[in-house]
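Two complexes come next, and they have one chain in common, chain A, joined by chain B in the first and chain C in the second.
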Partner chain A sequence: MAFTKNIKAFLNDTGDIAGFAGQFFSTGIKPRFEVLELLNQCYIIGYKSLPLIGLTGFIMGLVLTMQLRPSLVAYGVESQLPVMVGIAIVREIGPVITALIFAGKIASSIGAELGSMKVTEQIDAMEVSGTNPFKYLVATRTVATTLMLPVLTVLGDAIALFGAYIGVNIRSATSFYLFFIQVFRSLSFGDVLPAFFKTFFFGFAVGIVGCYKGYTSSKGTRGVGSSANSAVVLSSVVIFFIDLLAVQLTDLLGLN
Partner chain B sequence: MANQTAGNIKLGAFVLSGLFVLILAFYLIGKNHNLFGSDFNIRVRFSNLNGLTVGNNVQFSGIQSGTVKKINMINDTTIEVTLSIDNKFTSYIHKNAVASIGTEGLMGNKIVNIVPSNLPSAQVTEDDLLIAQKKISTDEMLQTLSKTNNNVAVISEALKGTVLKVNGSTFMALLNDKNVSGNLLASLQNLNKASANAIKITNGIDDLIVGIKNGKGAAGVLLRDTIAAGNLQAAISSIRKASDNADSLTWQLNNLARTVNGHLNSGNGSLPMILKDSAFAKDLRATMYNLRQGTDGFNKNMEALKHNFLFRGYFKSQEKAQRKQQAVQSQ
Partner chain C sequence: MKTQTATENNVIVIEKLCKHFGDHTVLQDFALSVKKEENVVVLGKSGSGKSVLIKCIIGLLKPDSGNIKVFGQNVPDMSHEVLDQVRARIGFLFQGNALYDSMTVRENLEFPLRRHWIAASQNEVEALVMEALENVGLAHTVDLMPEELSGGMLKRVALARTMILKPEVILYDEPTTGLDPVTAREIDKLILKLQDKYHTSSIIITHDMNCVKNTADRVALLLDGRCYAQGTYTDFEHSTDPNIHQFFE
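== the complex of A and B ==
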């Protein structure tokens, strides 16, 4: 019985999120736009996330290189380490890890912010004052996450590749130019473009889930914490689902 | 407002840096795939591509020079590969260059290698067909290796039998015998002595040859003395003359013998009569008989004469003188 209830709750949530996303497309991206708020959100969501994304990306590249190294040495293809790390970072690890870190930072903050506004009835007050809260709060944040995550991913990949270069040079010596050439010689548009485009969907998922969880928050301050927490969890899960769909789609399109 | 502007500047820098990295990545990948810059197409026909696909790299003399643009199946044994080559390589690739399918590293992606030929030829032009070199595939190598392995197995089996036979043979017993080694050592010592003697003999011969060269001894005189050589030449000349005379004499004797033989055969003259006439032989025998009879009679007459008183004194004095001479000789 409980299982059925859970299923119903899950389906209800899914339907609500789909409706929320539909509302975003129906009303959120129509004029008039809240440009200043969008720029402000881009600054907060994008620029202020860069140090965290950069740090995690650097460590990720370094650690991945050091972890892959023994296996490649065992096969006698140590020279292929930049190629392996480059493809792994650009195709999968860079976008997904960046999106997860981004979800952890942004989805929670959006969920908590909108949730606290909801429970303190600021959103209702905004509506009364003639401002469309959906446009001002949800659309700007969702567009900001959708646009900023790809930029963050590209920069995060670059920093991760630099970390990988450091990782390669811990045990052996490779010039930066050779490392750079080796990485880009192995890459093709089929590696970069799908990875780049899926980050738009990751960003959109983080924004829409965070906003939905905050916008539909209830049960007082306790509900705010719950919204922040569930926003992170759900957006992370959605990121993995989108990743799964993306890999299937690129495979179908013959880009793999 | 100032905070807003500063935030926007930072945001702009952030977005631009992201776009810059993205565009740089696209440019580098595009450059590797010859998307920028002009290029030209050349074609190669292979029977087996061994996994070569569109987008794989093309190397000219080991330098990245282009990519595989198109793969077109002509028939069941011919596949045409169109290569997109960077224009700056046009002046270096000639029509007789050879293309083959290789691998980047040991297990890397397939690539097309274009190798120039040593012979002169015209420069390659758009849509030229290069010569393809058939690459030995791993399967073919393994098949050959399998045959080689079988041969090695047969050879090693035969070798094993041979080694076993050698091991059980008297030859190995001989090798293992300690006495043999002692004998061998002694033989070697003897050989050593013999070689020392040989050296002495050689030295002796050397001295002898030096002596001969210096004209010492009979051989030296014979070989080195010019006067002796002259004498020898004169002697040889005399011998030759003597030989000629002997030859002439022999010839004369031969003629004589031939004449005698002719006379004998013809029966003319006294000698053939003596040798061949049987009647004459009978007469001669009768004559000889009469002569012997006459001689016997004469002996008897002489004996009778000794006993005659007229001649007895003479014969007695002869006997006395003879006895006296014998007595003197015995003393």
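== the complex of A and C ==
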């Protein structure tokens, strides 16, 4: 019974989020544009997330290298470690881990902020002040997450590769130049571009889910907490679904 | 008890207003009018639909049926653009103040100005912000964050923000709820002072009888979704109707 109820709630949520996303395209990105608020959100969502993305990226690159080394040594292809790590980070792990960390930080923050604004009637106050709250709050945040996540992913990948370079040098000596030459020679546009483009969709998902959860938050502090929590869970699940679709699509297009 | 009819002197005329939430009827054929420079207090128990009423007037909620004519225009029929123009002439004081907690007091007051008066220069905006804060005696809080203010100060700043566009009509949603009696009386005095200064008309939603006594030109009792009775505070005070009398016990 509870399972059926959960499935029903999930399907209802999915339908409502699709409607919310539709509203974003029908009204959210039409003039008048809230350019100043968009820039402010890009600063908060992008620039202020950089230390966290950088730190996790560095650790991810370092740990991945250290974990891969024994297997490669066993097969006698330790020299291929930069290639292996480079492809893994750029094609899959970098975008997905960055998106998940980003969802954890930003979707919860947007969900809690908008939920709190909803509960304390700040969204109504905004509407009374002649402002379309959907444009001011939802459109700006969603556009900011859509634009900032690809940038953060590129930076996160670069820092992860630097972490991998440190990881390689823990057990052996490889020059910075040699490491990155090996990484870049192994990568093609077919590796980089699909991985880069899917991060726009990841960013959009984080923004729209976070905004939806906050904007439709129920009354009370419990409702705000629940919005923040479900924004992270749902956006993380959506990221995996988009990743699955993206991999299938690139496979169909022969880009894998 | 009097029955109000629509006249040219009315700034707000509400006729046969109905609003339901699911099976729950909140407003049923509600009627009320507000004259120029008149303070009408809508009295009612908690959950009687008072807040729903003023949210319908400002267009935050759409009624199921009925007319809400503000300055002669029917709110439910307005386009978003027209509604925004009308909203610039109406102030709304929220029950919980609804100050933007990520903005300073100055930014909170500037927000509606920037939205409605896009062409205003920085000097004009600054002068209006300071005038609004001086009206409520809080000019020194201009650079503070809302979290640094007390409950009474928050209410005053919210009132300053409500008044900053010099609205012709102000809707107060329980302006004294949650305040101590002394601060509540100060807010009552401010409401009267600002009305006297800017010649505004008001609808004040409350169940605070001291607020009713201090501010009301006319009182309307909202009961079972209808305007059950209207009259002056004195009429209500001397009423033997148990539905009215219970507010004075």
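One rule holds in what follows: the second predicted complex is superposed on the first by the 252 of 256 C-alpha atoms of A that agree within 3 Å, B and C clash if a C-alpha of one lies under 4 Å from a C-alpha of the other, contacts with A are read in each partner's own complex, and residues count from 1 in each chain.
The working rule: contacts are C-beta pairs under 8 Å (C-beta built on N, C-alpha and C of every residue); 3 or more make two chains touch, one makes a residue touch a chain.
No experiment lies behind these values; they were computed from the predicted model shown.
When the shared chain is aligned, no partner comes close enough to touch A:L178: not chain B, not chain C. Looking at the shared chain after the overlay, A:F196 reaches chain B, while chain C stays out of its contact range. By the touch criterion defined above, A:L52 lies against neither chain B nor chain C after alignment on the C-alpha atoms of chain A. Ranking chain B and chain C by residues of chain A touched puts B first. Chain A makes touch with chain C in their complex at residues 113, 116-117, 120-122, 124-132.
Contact residues of chain B toward chain A in the complex are 4, 7-8, 10-11, 14-15, 17-19, 21-22, 25-26, 28-30, 32-33, 55, 64, 105-108.
Contact residues of chain A toward chain B in the complex are 36, 39-40, 42-43, 46-47, 50, 77, 79-80, 150-152, 154-155, 157-158, 184-185, 187-189, 192, 196. Interface residues of chain C, counted against chain A in their complex, comprise 55, 58, 60, 80, 84, 87-88, 90, 92, 94-96, 98-102, 111-112, 115-116.
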